[in-house]
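Below is one structure. I have some questions about it.
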Amino acid sequence: MEISDDDRAEIEKSRREASPTRRPTVPALEELLFEPMPALDHGFVRVVDYMGDDSSIVQAARVSYGRGTRKVSEDSALIRYLLRHRHTTPFEMAEIKLHVKLPIFVARQWIRHRTASVNEYSARYSILDKEFYVPAKEHLAAQSSSNRQGRGETLDDERAAEVLEILRTDAETVYRHYLQMLGAGDDAGQDVGPGLARELARMNLSLNFYTQWYWKVDLHNFMNFLRLRADAHAQYEIRVYAERMLDVMKKWVPLSHAAFEEYDLKSAHLSATAIQVVRRMLAGERIDQPASGLPKREWDDLMRVLGR
Amino acid sequence: MEISDDDRAEIEKSRREASPTRRPTVPALEELLFEPMPALDHGFVRVVDYMGDDSSIVQAARVSYGRGTRKVSEDSALIRYLLRHRHTTPFEMAEIKLHVKLPIFVARQWIRHRTASVNEYSARYSILDKEFYVPAKEHLAAQSSSNRQGRGETLDDERAAEVLEILRTDAETVYRHYLQMLGAGDDAGQDVGPGLARELARMNLSLNFYTQWYWKVDLHNFMNFLRLRADAHAQYEIRVYAERMLDVMKKWVPLSHAAFEEYDLKSAHLSATAIQVVRRMLAGERIDQPASGLPKREWDDLMRVLGR
Amino acid sequence: MEISDDDRAEIEKSRREASPTRRPTVPALEELLFEPMPALDHGFVRVVDYMGDDSSIVQAARVSYGRGTRKVSEDSALIRYLLRHRHTTPFEMAEIKLHVKLPIFVARQWIRHRTASVNEYSARYSILDKEFYVPAKEHLAAQSSSNRQGRGETLDDERAAEVLEILRTDAETVYRHYLQMLGAGDDAGQDVGPGLARELARMNLSLNFYTQWYWKVDLHNFMNFLRLRADAHAQYEIRVYAERMLDVMKKWVPLSHAAFEEYDLKSAHLSATAIQVVRRMLAGERIDQPASGLPKREWDDLMRVLGR
Amino acid sequence: MEISDDDRAEIEKSRREASPTRRPTVPALEELLFEPMPALDHGFVRVVDYMGDDSSIVQAARVSYGRGTRKVSEDSALIRYLLRHRHTTPFEMAEIKLHVKLPIFVARQWIRHRTASVNEYSARYSILDKEFYVPAKEHLAAQSSSNRQGRGETLDDERAAEVLEILRTDAETVYRHYLQMLGAGDDAGQDVGPGLARELARMNLSLNFYTQWYWKVDLHNFMNFLRLRADAHAQYEIRVYAERMLDVMKKWVPLSHAAFEEYDLKSAHLSATAIQVVRRMLAGERIDQPASGLPKREWDDLMRVLGR
């Protein structure tokens, strides 16, 4: 991740400014504010604003006049109760705004979360920088043989080298041609003639080029995002971002974060049939998959939950 | 509007607390924070939190690293441009949270705005206070004869007195019975037996009783609310709230507020046919309604826009 | 539930009309179409339109050119897979539209589901009928002593009679005064003078009066509604509607309905701690609540899931 | 646009099937159902399902028991009234589902409309076809000199040829390498070794490759899409789709389409200042831009509206 000197100066300037506010304030998050947290080879997540804290959830749930907080233990119990019973509306009362730099193919997954606000850097309006994602060698995995939408073994060195060579060379090529079509000069800075409209030239760029956006979301929908994207089934490249964001959540709303781990991230869902299987096992019955009434995959998942 | 001593103390406590923050801060809105602004006879609006300011809109539109502000004139021009061209997403980047006390029939209109977050005081869980709306005499209007969904002349004194008497007496009665069913004791505090479930007893209350909620919305949807509810066609009782909120907007995001007045609140929409009428008028043609091709009501509206 | 002769004639007329369509069609739901299904004393749910069937979910998940169906067993397996893994977007591809008549206090809970389209009968524009909800005696429950937001024992006969008397008398009174304020004549039909605006007069009605609306929602959000409102913790009066809607779902999309029961309605959620408790129990450890690390209420819930 | 024989057979099969339904049915749209309408060089829009017609809007606005239709003229007047006064909720009561094939860079604009349901063909799961967009020569425009986000003059022949050569060659290259990384064999069908995960390989494809999705939206949000994307300021490549969809709308809901043209597509918005300018002009004053108080661009736009 490189930040230009100008951008770095802007960030520092924002970090130096402080004003008094009557609003709920989270010192641990203030500390983090505006600072880019690296993700992938050129990407980042940085928190640019936030509204509310754990007490704001409590306050809204109680529709109270003051800050709503009583003892930490009471607030924590209420937050746990709300999350456990999927009383999700109070979690909409806290809000966070991120500036994210991410490859376009990651952005395409991310944008599927509709209950957020987005402003993306416009390639109709501006020229994209020459920044594209190339995976680290250890993340170059073969197609999974068991899961049609996942990764299997890491590629061997020779195959990996070939892939990296392709990714790099093609990205260099399409970017050089992008500039050439724009008439923006090539790498060497030569002008190459009247320019194709930016909104057209961009179509030559590949999906690993970086874009960036402002993304604002409430805590409820932030958790929905994390549930799906910090999950082991999510594509590695978006999971990296989700993990940064989990760190942010822990600093921002620690009580909610703990409850989220307990009742969501590390929880399990048992189907009606799986409940019966567990009951029979607890009654001492020895059951195997065919006897369980569960399809193979659901059986495997259940055994994993039960630590067997 | 009465605020209990306890609630007043909570408010004062919140107002005394101040923390340093790196976030965009609006002194004029800080001044207002937590303070209830009266609306109708017992209602209020109070701002309990906010995120962002005019510069946040500019910053998101530019996807910039720093605060995004340049000269005020440039920021203002960008905001005007965005609003004029209905580039609404940057306005989603500012957020406000209100605590509102309002009659249930107003709440039922308000809640139709779906793109907001709401936590309402629960009458399944708690007992509602004895507070109901009774219009001031000058707002007791007869059904409009021309508009099936509006008000006409103010009622004469005798009729008004009769209506006020009904509203007061019935509200007193249903509330007394509400308490009686709850077994919560009547006004005189006598216990009247084992209580009906709160979730059932509440059904006896009438729609002019007050409820309260936390309501959080982004600036884009805040403006959508104001466009509809600060409008002359809105019911007076919700317009009172919308007007308070317009005042809040002016303090919070003055550049956006000015642009909103120019391109929205005080603007006009001309239909395809109305455009032709104006062109013909400018060409010197004398036109009356039949010749205009506009239905009577559209003609009248156009004449009003044109100041004729 | 009474339907006027005019309304009944309209319904019959709609039911007689049939057109050929190339769209997915569900005979079992066609059979039900337009017919009001009673709910509470004067309410109903009736299906007025729908889009798609089980195959539409499959088709969208596969982004296929044809109807998408293969063998029923394959479709069923895919639908189960999607629901189990919370791949919810294909379920948004089926849509249903209901006409519902319901007490206002139920409507106030219902409207909290924001991802639906609603058109409500307007009491600004029209005069509401004299129809209000009075619970059957067996549903008159006392406030729960254990659950601040629920019902406990049924009231004894004397207390119940008192409550019913209050509900009936007050509703009669406020409605009579509503008409009187409107100048619409009282029950006896006498005109009582110039009328108060309808938008004002309605505030005198109580929350058990019936309103009605058109409500349209996709299958994903329909299931979200049912998960919360067909649940044992939902207030009885809205649960009645949810149960009618579950019947509708079973006829409309039987494969999805079966999967919804298996993975949702009859499933259970285990917290991180609860998973550890089950593992220890399966390993033969004898655990009681204090040893479990679970709060009392979570322990009770877990024991219920495990059938202990 | 090429449709494979298999896909064509599926389409024909769907078109042959017909069932009787009691639902509102639109013969003109049935005629179109499932048939791909070409857009750009390889894309298409095809209607795969719909719910409701003009009468459904009327029916919801009236919350009526029957179909809601009276005379066409009354229905039309009501629809015009609703659209004119931005009473948008009844338009949510009609729904349409499309299958769309479109370049990824167009999909990226399209997806910004959040109030729709989408299922996209997954390149994590499947291998994309070798289909990419190359503009027709007459659409190869230079960057606009006046509008930073638009097109200016068409490129001259030599420059155009160069651009087309780049777009074609690069797309061929990245696709060949995509297959090579997948180990899926190159064009000549030779197997080239163990395959990179599909979710990774896809990042080498450029933004002009085609994707496809199911997209479902209600009529209100369909119109919002058309307002923005059928507009002259929209990028040509998405406008092509919007224009096909306008044709669909005209067949589906002709009364709404006519009202949409009158009050939206062909209407104009006058700012507060612009209203004053028109009033002064009508009063006979001769005004030029400096005297108008309007910025240059707003003045030009107003003169265009006024046909001057």
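Per-chain residue numbering starts at 1, and chain names A, B, C and D are given in the order in which the chains are listed.
Here, a contact is a pair of C-beta atoms (placed from the backbone, for glycine too) under 8 Å apart; a residue touches a chain by one contact, two chains touch by 3 or more.
Keep in mind the model is a prediction, meaning the values are calculated, not measured.
*Asks:* By the contact definition above, name the pair with the higher C-beta contact count: A-D or B-D.
*Replies:* Higher contact count goes to A-D.
*Asks:* Over half shared numbers or under half: where do the identical copies subunit C and subunit D land at their interface, same or different?
*Replies:* Comparing the two copies, subunit C and subunit D contact each other through largely the same residue numbers, since over half are shared.
*Asks:* What whole-Å value do you get for the distance between subunit A and subunit D if each is reduced to the mean of its CA atoms?
*Replies:* Spacing between the chain centres: roughly 29 Å.
*Asks:* Whole-Å distance, subunit B centre to subunit D centre, using C-alpha means?
*Replies:* 34
*Asks:* What are the residue numbers in subunit A that touch two or more other chains?
*Replies:* 89, 112, 118, in rising order.
*Asks:* If every chain is a node and each touching pair gets an edge, what shape is that graph: line, ring, star, complete or other?
*Replies:* complete
*Asks:* Help me check something: in the complex, which residues belonging to subunit B touch subunit C?
*Replies:* Within the complex, subunit B contacts subunit C at residues 103-105, 108, 111-112, 114-115, 118, 122, 124-125, 133, 135, 140-144, 148-152, 155-156, 159, 162-163, 166-167, 170, 173-174, 177, 180-182, 193-200, 202-208, 235.
*Asks:* Would you tell me which residues of subunit A are touching subunit C in their complex?
*Replies:* 77, 84-86, 89, 112, 228, 233, 261-263, 266-275, 278-279, 281-282, 295, 298, 305-308
*Asks:* Using the touch rule from the top, collect the residues of subunit B that touch subunit A in their complex.
*Replies:* Against subunit A, subunit B makes touches at 3, 6-7, 9-11, 13-15, 17-25, 27, 30, 33-34, 48-52, 56, 59-61, 63-67, 89-90, 92-93, 95, 97, 99, 117-121, 212-214, 216, 218.
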